[in-house]
Amino acid sequence: MPTILGQNQYGKAENRVVKITRDGATHHIKDLNVSVALSGDMDEVHYSGSNAHVLPTDTTKNTVYAFAKEHGIESAEQFGIHLARHFVTSQEPITTARIRIEEYEWERIAASDANSRFIGADEVRHSFVRKGQETRVTQITYDGENWEVISGLKDLIVMNSTNSEFWGYVKDKYTTLQEAYDRILATQVSGRWRFNWTDDEQRMPNWEKSYEQTRKHMLQAFAETYSLSLQQTLYQMGSRIINNRSEIDEVRFSLPNKHHFLVDLEPFGLKNDNEVYYAADRPYGLIEATILRDGAEQLIPVDMTNL
Amino acid sequence: MPTILGQNQYGKAENRVVKITRDGATHHIKDLNVSVALSGDMDEVHYSGSNAHVLPTDTTKNTVYAFAKEHGIESAEQFGIHLARHFVTSQEPITTARIRIEEYEWERIAASDANSRFIGADEVRHSFVRKGQETRVTQITYDGENWEVISGLKDLIVMNSTNSEFWGYVKDKYTTLQEAYDRILATQVSGRWRFNWTDDEQRMPNWEKSYEQTRKHMLQAFAETYSLSLQQTLYQMGSRIINNRSEIDEVRFSLPNKHHFLVDLEPFGLKNDNEVYYAADRPYGLIEATILRDGAEQLIPVDMTNL
Amino acid sequence: MPTILGQNQYGKAENRVVKITRDGATHHIKDLNVSVALSGDMDEVHYSGSNAHVLPTDTTKNTVYAFAKEHGIESAEQFGIHLARHFVTSQEPITTARIRIEEYEWERIAASDANSRFIGADEVRHSFVRKGQETRVTQITYDGENWEVISGLKDLIVMNSTNSEFWGYVKDKYTTLQEAYDRILATQVSGRWRFNWTDDEQRMPNWEKSYEQTRKHMLQAFAETYSLSLQQTLYQMGSRIINNRSEIDEVRFSLPNKHHFLVDLEPFGLKNDNEVYYAADRPYGLIEATILRDGAEQLIPVDMTNL
Amino acid sequence: MPTILGQNQYGKAENRVVKITRDGATHHIKDLNVSVALSGDMDEVHYSGSNAHVLPTDTTKNTVYAFAKEHGIESAEQFGIHLARHFVTSQEPITTARIRIEEYEWERIAASDANSRFIGADEVRHSFVRKGQETRVTQITYDGENWEVISGLKDLIVMNSTNSEFWGYVKDKYTTLQEAYDRILATQVSGRWRFNWTDDEQRMPNWEKSYEQTRKHMLQAFAETYSLSLQQTLYQMGSRIINNRSEIDEVRFSLPNKHHFLVDLEPFGLKNDNEVYYAADRPYGLIEATILRDGAEQLIPVDMTNL
């Protein structure tokens, strides 16, 4: 046979599971999009079409919903760990499971004054509005021995309206850009961070608190860095995380430079004193980098932050 | 000539304008997407291609940016009023201008404790994160005499995890649905409301406060209605607005019923006690209606809430 | 009660139905996205939540699938007519039904030479690739007496690389645009045309042939018009349809002017002789108009072409 | 310093360049979306913000447009090779350049009969409609010595309406799926293939012919495989390419199983004889694999086919 099979994986992608937990009249939501990818001894299904080693993707879907009941959803990470362990330990041919999860956050709708007097509470406890800001993501990979947990977020749009410059760069025959000493810096953050928790003997991180703190440090670094380049801001965001979160060893960002161009108002006899900008769609600068704890291995794939 | 020209309009769509206002070290953002549509004596450009009556769409774009400087952007509505008046009053052939605006909200990034001590404030004043919840919209139409202002929002996703039933409906030979006595009710709100401000002699509403209050009443009505049908909830949302906001005479909603189906876990020996749901994409129920102040005219077009 | 109910409708939207017809070894596909909207005596479901007049949206979905079997899908228009008639005639409270359908076209995959010798045919007869060009659309409305059929297409992207000019326009203080004597003209066509078939006594058009011919005339008019404005091209596209298709009385187009800007290469010592263009996303000119057969009524809503 | 910089790259993404070539009255289009990513000695811009080694992303954009004039666009691959070589050889700090290109195909609009008589040709030679089927992609990477060219396509939707089965799979406690002996097999192909052309001394492939033939073999393998699993079909698609195209050593596919579920019409007294299907959106099976020429190295990243 002149051709051979290389890396392969399969599973059910984008299982949308919503879990409601009722604590008396107070309800809680977990709203996830779960994708399962399994790999192992799968040559025959590719070569001959024999499904003797194949747990159907429909079954992996059923397992997601059943586990939401059996284990609850404490966090996306914890839920993914339950799933990955199950597939690897219960199915002989499966040697590796990778679970990817997107999480959508909801916040409570505040009750009206009249209503809150009536129900003796300041919030209706079963009514929610989707927060709609970043999408939280995680990827759990398990090979039967070791865990790799990479979490992060995407689609978080941030802007500094000052404290950003860009000058002193290389000029070649195709360079026309003017240097800028006060520009808008805006980006749509896609970030991933890898935990150093890799085995069941270690104490597991508090996934929810870790996310909240990592996000906070990242945003503060963005806000507080006086920026000479988006690369510098990116590095500050990553190193702020590494320095403050001991559970994280590696961070990777993909930061599109969402250009805001100062509009030339002079033809209309007006002076644009850093006030009126045109927000451009395409093209955009795209700055990507990994930041590592000294001594840590680089494991987050180059392309992962753009998925 | 066997064919004639009917309704027509033209202009530049989706002008992305960002206005930064500096109040000392504290910056403010207005982030709009502005679309201009002009109509009037435009037969010749269609029949012969003569542009003698045509102000270029490029000029309407320039006007948007110039007006952001000349008039500022107090609110999307006020900005649209400036633009519409300008086109109708300054261009002889233009008899009607319609300005549509989307607005994206930003919130401030909270500073780190260390930083806030340093700058003596609890927020960095030029750093923002896009809120990312609903998109606020407005449409201003001016014919040289009268104004029509229709504002609203889209893409606001809400959910009640209980207090919703659906039963007592018509059954025909194609009906298989089981009645439900405790279901999730979720929708992605697209709403528009028409103001009764129509001429320059009237006192103009406070557009920003009106939006904030209308949104609040709408969300509270959603949360507080014990729902026997999504139509009933929709009507409560609309009438709550009419009853509380005297500046508004008409409301229209388009509410997709974002189905959350209870997953059947019995094959796995599990009982699903209103806990685990599958969030479906398509198809969805689609409930649309207009609610009017008694005596008001119905003017919001049927299709407008889906644009 | 200070508020009253205005226009309202409900139904199941985006029912994705695929119908395979087997003609021996040769298969045929119809691939539709069907949305049902019903209206009539529906006050109570809004006021009190009583569903006594409500045929569930789930039932309207079931009806779509059952009718695909019972009536087949000869054309999207004919299928919509079956559905609309059914809801209005079988449900006492329903007085009007509106069916909207998107259709996706598929073409056959050509077989390999070796295979075609073997099976004695030049095509594998059950293998298809989605054409992926325009989406065909139709809207059927029935009130128990009269029919309104509006068909069309969206997302058909066309370009003339020459034979387009733009000059002789109005200049005001905000005008900076240079006149153009040879430019690219490109647009993403959204078009709708209304048939003059309105009642069961009339001979019904051949919907498939009408679509094919209308599309052809529209494209030819686009290609063959030497354009002084996009409005002129639009008018030619519409009048060509009216003049060639007697079954159509009204056409409306929404044509975004997809700007292709000539890139200034002079800073690099290069001359750009109408060769290298930057294809812009936003903003775009937006040209919209209705063209009517003389004497016909204008019935296609202003906003419909943008849905 | 406790943190260090890992893999990093930067450049301008999504430069939309349209190149018109005039061959007398006959025009030709190349329509590309070009993304540049450069890497090399870039530590300082991350650590201190010094841009002394940074060619601005704006310059990389200018270079794309200038090269479209200077070198023309013979093929996306050839254009990417010109760009990658330029950045690596002309900028001391740049050691690697990666160019990603999407290409959109256009076809000619056929002229009307009347017109073709007039111009003595059967086609208007400057009028085009975007084909709108798959998007063709390529990625060129150059490190100053070796080339890696990975081409492919995405968003090509295909369907077999018969000749697909699925049975004989593993059943565990979460398995409810029924075996299928005649099902629809549909997928949205994302495929990438790596060329064994790696250095300037080798004869370069004919990129356009290679694409056309690779696509043809892939589609024929999809159509002609009697499928017992989507994995088997995927493997056939890949090995058909390897066996027929000597310039390609590695292929990777990501194939979502776009489920078409047979609708249960029995409650309505109807028999569904593989005629009426519901086309589902989410979840979907996702089958991914690499196929290699025996002895070839596996170099296409796992995640690349999903970008």
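Of note:
The chains carry the letters A, B, C and D, assigned in the order they are written, with residues numbered from 1 in each.
What we mean here is this: contacts are C-beta pairs under 8 Å (C-beta built on N, C-alpha and C of every residue); 3 or more make two chains touch, one makes a residue touch a chain.
Per UniProt, the chains are A, B, C, D = Uricase.
Computed from a prediction, not measured in an experiment: that's the story for all the values here.
The pairing of subunit B (Uricase) with subunit C (Uricase) is characterised as same-residue: of all residue numbers used at this interface, over half are used by both copies. Between A-D and C-D, more C-beta contact pairs are found at A-D. Subunit C (Uricase) has its Cα centroid 37 Å from the Cα centroid of subunit A (Uricase).
One finds 25 Å separating the Cα centroids of subunit A (Uricase) and subunit D (Uricase). Distance between chain centres (mean CA atoms), subunit C (Uricase) to subunit D (Uricase): 29 Å. Residue positions 16, 62, 66, 174, 176, 267-268, 281-282 of subunit D (Uricase) are each in touch with at least two other chains. The touching residues of subunit C (Uricase), when paired with subunit D (Uricase) in their complex, are 16-22, 27, 29, 31, 62, 65-66, 68-70, 106, 109-112, 115, 124, 126-134, 155-163, 184, 216-217, 219-220, 222-224, 260, 263, 265, 267-268, 270, 272, 274-281. Within the complex, the subunit C (Uricase) residues that touch subunit A (Uricase) are 173-174, 176, 267-268, 281-282.
Those residues of subunit C (Uricase) that touch subunit B (Uricase) in the complex are listed here as 1-16, 35, 37, 42, 45-59, 61-63, 66, 90-91, 166-172, 174-177, 227-229, 231-232, 234-235, 238-239, 242-243, 250, 252, 256-257, 282-294, 298, 301-304, 306-307.
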